[in-house]
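You will see chain A twice below: alongside chain B first, and alongside chain C after that.
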Partner chain A sequence: MPAATRADEGAGLGRFALLGVWAVVVVVFSIAMPGVFFNWNNFAVLAGSQAPAALLALALVIPLTSGDYDLSVGAVVTLAAMIIGVLNVWHSVPIGWTLLIALAAGITVGAVNAFFIVYFRIPSLVVTLASASLISGIVQWLSNSSTISGISPWLVDVTVNGRLFGIDFAFYYALAATALLWYVLEYTPAGRRLLFVGRSREVARLNGINVDRTRSASLLASSCLATLAGVVYAGTLGSADPFSGTNFLLPAFAAAFLGATSIIPGRFNAWGTFVAVYFLSTGITGLSMLGIPLWVTNVFNGGALLAAVTLSQFARGRQETDLG
Partner chain B sequence: METAIDAPNPGAAHLDAPNPGAAHPDALQVSNLSKSFGGAQALRGVDVDIAAAEIHGLLGQNGSGKSTFVKLLAGVYAPDPGALVRIAGSPVSMPMSAAGHEKHGLAFVHQNLGLIPSLTVLENLRIRSLTRAGRRIDWSAERRAAAAAFERLSLSIDPSARIDSLSAVDRALVAITRAFEQMQAPHAARRVAGLLLLDEPTPFLPREDVKRLFDLMRRIVSHGASVLFISHDVDEVREITHRATILRDGAVAGRFVTAEVDREDVIESIVGRRITRFKSGRRDPAGAPLVSAEQLCGPLLHDVGIALRPGEIVGLTGLVGAGHDHVLHHLFGARPGGSGRLRFGPPGTLDDGLDLAKLTPRLAMRQGIAFLPGDRQSASGIGSLEVVDNLFLPDVAAFFRRGVLRRREMAAAAGLIGAEFEVRPPGAGRRLSSLSGGNAQKVLLAKWLKLRPRLLLLEEPTQGVDVGARQQLLRAIRGAADAGTAVLCASCDHEQLADLCDRVLIFAGGAVARSLSGADLSRENIGAGCYAGR
Partner chain C sequence: MNSGVGGIAASLAGCLAAAAFAGADPAAGVAHARQMIEAHQTKPVFTAPGAPFDARACAAGRKMLSIPNNSGNPFLKGIIEREIAAGKEVGLTVQEWQNQGQPNQWTQGVDFAIRNHFDIIDLISGIDPKTLEPQLRAAAAAGVKTMTSHFYDPAQAVDPLVAASLPVNFNAVGKLLADWVIMRSGGRANVVLVESDEVPPTAPLLRGFADEIAGFCPACRIVQRVNVGVTEWAVKIQPSVQSALLANPDVNFVVPIYDSMSQFVVPAVHLTGRQSGVKIATFNGTPFVLDYVRSGAVDMDIGESLDWIARATVDGYLRAECGLPVPKNIGVPLYLFDAGNVKDAGVPAGYDQGYGGDYLQGFRSAWKLR
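So, the complex of A and B:
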């Protein structure tokens, strides 16, 4: 049997390696803390509380697939939450309207990003780094840098108070978004266009794909999904604070890159990202339950991002064998 | 075999070195070099000897083991046990490191040249010296060294020019000069002249530039160094080398002294069977033009008119800068700055045609135009994606039915197309980059042909492709023409144009200078026409 075949089989199993490692992590923490960690309630809380993080990581997968970075998604989370807080709490705007306005704001951010990136041909890294800072500043101005609590109970009801099998509704939104993104990326021509543009803009252009439109749509979709993450985040907390959204950015990148090592190795993909989000948060939850200090969270996330990009590089590079 | 090509025969008498005065040991002696990847034997007991001051050719089709051979010497892979490599008579240990290459005077120039386009010639040429740690850079000394290097090889290249402002051939000359300098440096004292490995340096160069490259190779061997010239081009190897080795299926299929063999024998040894050269069965298609480009202008083109009849294959050629290579890009809307009209149907039809100034690839495709660019690595296919994705790049939406992309149907359709175009190895799930150049090009051509275009634009369709795949590609193109597609083929490969085309337009100064068809259409006449000026 040629070695190549064995390697292929290995790669087949490698698709699920992350799930396996996740299971090991769960088992280890469960043995270490039988009553506290291994407990349906703990898992339910973990599932629900990580929904905004999952939505945000999915938001990143879209532009990463089409070859652009979007560093502004973390700021968009805060922007959406804060618009809901300011309008609903301070100005008593009905919650439904605030959601629409938050979405409009998210679309505006995406459109501005796309305009500078696509029209002026500025690298997305630079544009979204700038817009992230810009949005953060605006959010602080809007909120006087204060946390706003008392957001409409309706939003809280539809995100965390409502439960199915003991798990917050928020989790099912993340699950649905994952399934939807998986479907779009894998089973629609639009998903193929994102992939083609991400892998080679020139080839895509010469095959009749409207590269500028595809990239713009991808940045818009990313901002919209980030807005949804912000809405769910506001509902989860029942309040909006002007700073926490940016803390989501790094773990989201870590999850997107780690996700690219599993399910479809070598490609950013929705289910891989979903698994990665919960793998990372399981690790952090377990560690903090063991009483490990707060700074470890940053080290864990940073280390995970580095490990994830290394692994995803490995997943890509290993298959680049060149015979003869 | 009644030819001058020796079958591999261990213990056979050594061919005399072409340089009778040379008492030096062989520059490179490789014996029993093998390499297997898993179960696949990429190289089997290969012996190659290169004499001092010799230009030695290494010929073979894609997949014959040429690149494995180079990568073994370059230290990318370790050879299987049992190989013996001697450089200038002394055995060296494999795999070799970069330090080992420097010590033994081995230098490589790969097809991608390894230059940094946004930096100057000087910075690229002196990259080793400039990056050596622990000293202050003496810029004037570096400039003098660069000037001296060019002077030694009788080249006139401005060291302060940026690499990306140079022509393709000048870039190659810079890369070769750098390699020559680097292999000379440690050996000036030890009187070992070194060995330069040129891995397919010519396929992207027009003929007259290849001559400049050959001149440089001759000057390099006149300094006592040896050159291993790796190529798939039989004519170039016959022109420049003293001797050559032919690889086929990972083993040595023959060795010859260049002056003693003829072309057909070499080709037979490369492919292992005698190929009947593709002949198009050139015709003179009758009828009204199917498509005509009128008043085509662009940065390099002035008022060009081309009319094609259905099923006609028209070649476009000329020297560098003649503009022929821009025609296709403008007709597909792939490059800005073009103007003119493209009309379908006979002249005088009411159809207004397409305004070329506003044409985009998308609009062009909607009109049934297909374009296969010559830049295979970055413009025509996505190496990191699977064959099936590449095949259906332009028309993936056709498989989107009732809300779902029918992936299984795509794979099945890709399998059928792969079989029809004889893509080897089969398998639509392979990455495009894992195929040889010829097979990747079959995939990319099939991508367009399955759409049955009205007008097919081809740029260097068989460049860097082995002999067997070339015949298959040309046959597929002729097949499309027979089905009514009009074909425009821009190429510098005069032999290919003569074989394939019904008519060849030779460009000079951005306009059609002459047209060859019928009995006048031959490789020699195309070459002569290119050099005849306006």
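So, the complex of A and C:
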């Protein structure tokens, strides 16, 4: 059998491997905790509480697809949440306006990132590392390094108080964002352009794609989605603090890379990332419920990522990927 | 009754009661807990940390460098800002060594103090002197005294390089948290503890909590302990507490031992739909958590006035610097905020409101200021 065909078959099986492992994890925890782990309430809580993490991971998928890193998304989450907190709680600005201002701030960050990356040709890793630090400083200045509670109940209502089938609305926002991103990446010319630019900027340029515009759009979209993650995060907590959003950056990268082993193996993709976020959080939830010390969850996260990527590559005949 | 003295008396009574309690009925434990709580819900009254002394004469020409473990921490920043203000009152120059929590910045700060002939290095409530041993040795050799405040528990050994320490009775904080839990649950608490074991005050605080539960609440149970490192609070507290609540339907109290953890505990309780059955009790008196108390999301928060801490620190350090006896304890009263008194902390809550102003005149008298 030709090598390429074997690899294709491996990829065909591999695309659902993560889902299979997820099912095994659920079964193992359900047996270990009969009547406790496998119930609707547990999964409903898990679904809602992981929505900000899912949105952040999706935000990373866009620039990763077009070949750029955006390390500022975690800081944008914090910026959006803190703008809402400062304006709504401290200055009594109506919540609707604070959301618009937060979105404008997020778009500005994306535009600034794009300007330095595309116009000055500075690597995205460097620019977004710098902008993350810059935003972090601005957020501390804005908030006087304080945590702000008492964000409008309306935002809390439309994220975690409102429920459909017992699951917080926040989950459906993440689900809708996943479906939209999947559609755009798979079925629109814009999505295809992102992929081509990510695979080879030179080839894309020779084929008539405006590479700079495509990369800029991906960075703007990434910041917008990170802002949405920040809004949902603020609604989930009902508060904002100047530091915690950045802590989600590395788990989001882990989910994006793990997601790239699933559904469309070898490519960053929306559904794979969505599955990865919930696979990892299922593992962590189960371990926590068993009362296992929390350092084990770090081992689980790292081990799962490494194992999944390795197995995926093995199944694909160790082909080169565009995962960086 | 003076609340500080009242607290000590209640603690002593507690120790004696614990010895006699084993096997007694739960109602007696609840009564004991109520007595302890009431002792900490009267407005704090100032107790002089020692004999009055001429603070101006003592402070004249002296300089202190305060090094927080992170200038982004509003609790520490708040104390240092108030130390600077208190220093101005007595003529002590207080400067902050701003940093972002990196140990190499702390070593730089110690070096700065040595080169610029400061008299005191103030490791305020955070940096473990063990992490700066070579630098603090050099400071001692250069005649710069290192002092700590609001860091050790009285039962903990003070690092030999520390010239003076103003400890806080974290063990008593743990006992008070347990007393609240015992009282509010009617002696039938099932508790999830949220802790950060790498922070030095955690051990004495948890010991106090466990001892009080063991001594006064035979039907209470610590169902699960969730240990989350400070840098991982945002990522791990919420899912871990959610899991603990889902796995243990009989839990009726979550105790995040440092109140900033509440930001992640409150949504966990909310998301699991357990607001009506699960109460939260915590410690620190951080304003946003006092706002949670006002809204009903948190049941109780044990607070300390930052201004009081700052003045007690300046007082204790000056006494040490001028060869006077140093108080054995920082002496800042613990005051419990619940739904009944939290409005005194302000709307929105502030750091120094609700504790009364008795201490301001108290320190002026202790420092012989007009």
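Here is the rule we use: the second predicted complex is superposed on the first by the 284 of 324 C-alpha atoms of A that agree within 3 Å, B and C clash if a C-alpha of one lies under 4 Å from a C-alpha of the other, contacts with A are read in each partner's own complex, and residues count from 1 in each chain.
Criterion: a residue touches a chain if its C-beta (ideal position, glycine included) is under 8 Å from a C-beta of that chain, and two chains touch if they have at least 3 such contacts.
Predicted model, so just to flag it, every value in this text is computed and none were measured.
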Q: Please determine whether it is chain B or chain C that touches the greater number of chain A residues.
A: C
Q.
For A:Leu164, using the defined touch cut-off, is the partner it touches chain B, chain C, both, or neither? Pick first, second, both or neither.
A. neither
(Q) Taking the superposition on A as described, I'd like to know which of chain B and chain C A:Asn207 touches: first, second, both or neither. (A) first
Q: Look at A:Glu186 in the shared chain and tell me whether it touches chain B only, chain C only, both, or neither; answer first, second, both or neither.
A: first
(Q) I'd like to check the shared interface: which positions of chain A are touched by both chain B and chain C across the two complexes? (A) none
Q) Which of the residues in chain A come into contact with chain C in the complex? A) 33, 36-37, 41-42, 45-46, 48-50, 89, 140, 144-150, 160, 168, 236-239, 241-245, 247-248, 251, 281, 284-286, 288-291, 293-294, 297
Q: Give every residue of chain A touching chain B within the complex, in rising order.
A: 1-4, 7, 186-189, 191-193, 195-196, 199-200, 202-210, 266, 316, 319-324
Q) What part of chain B is in contact with chain A in the complex they form? A) 37-40, 42, 62-68, 71, 250, 332, 334, 361-362, 364-366, 371, 373, 378-382, 384-385, 389, 393-394, 396-397, 400, 403-405, 407, 431, 433-434, 436
Q: Could you please specify the touching residues of chain C with respect to chain A in the complex?
A: 71-74, 77, 224, 226-228, 231-236, 238-240, 242-244, 246-247, 260, 263-264, 266-268, 270-273, 286-289, 291-292, 295, 348
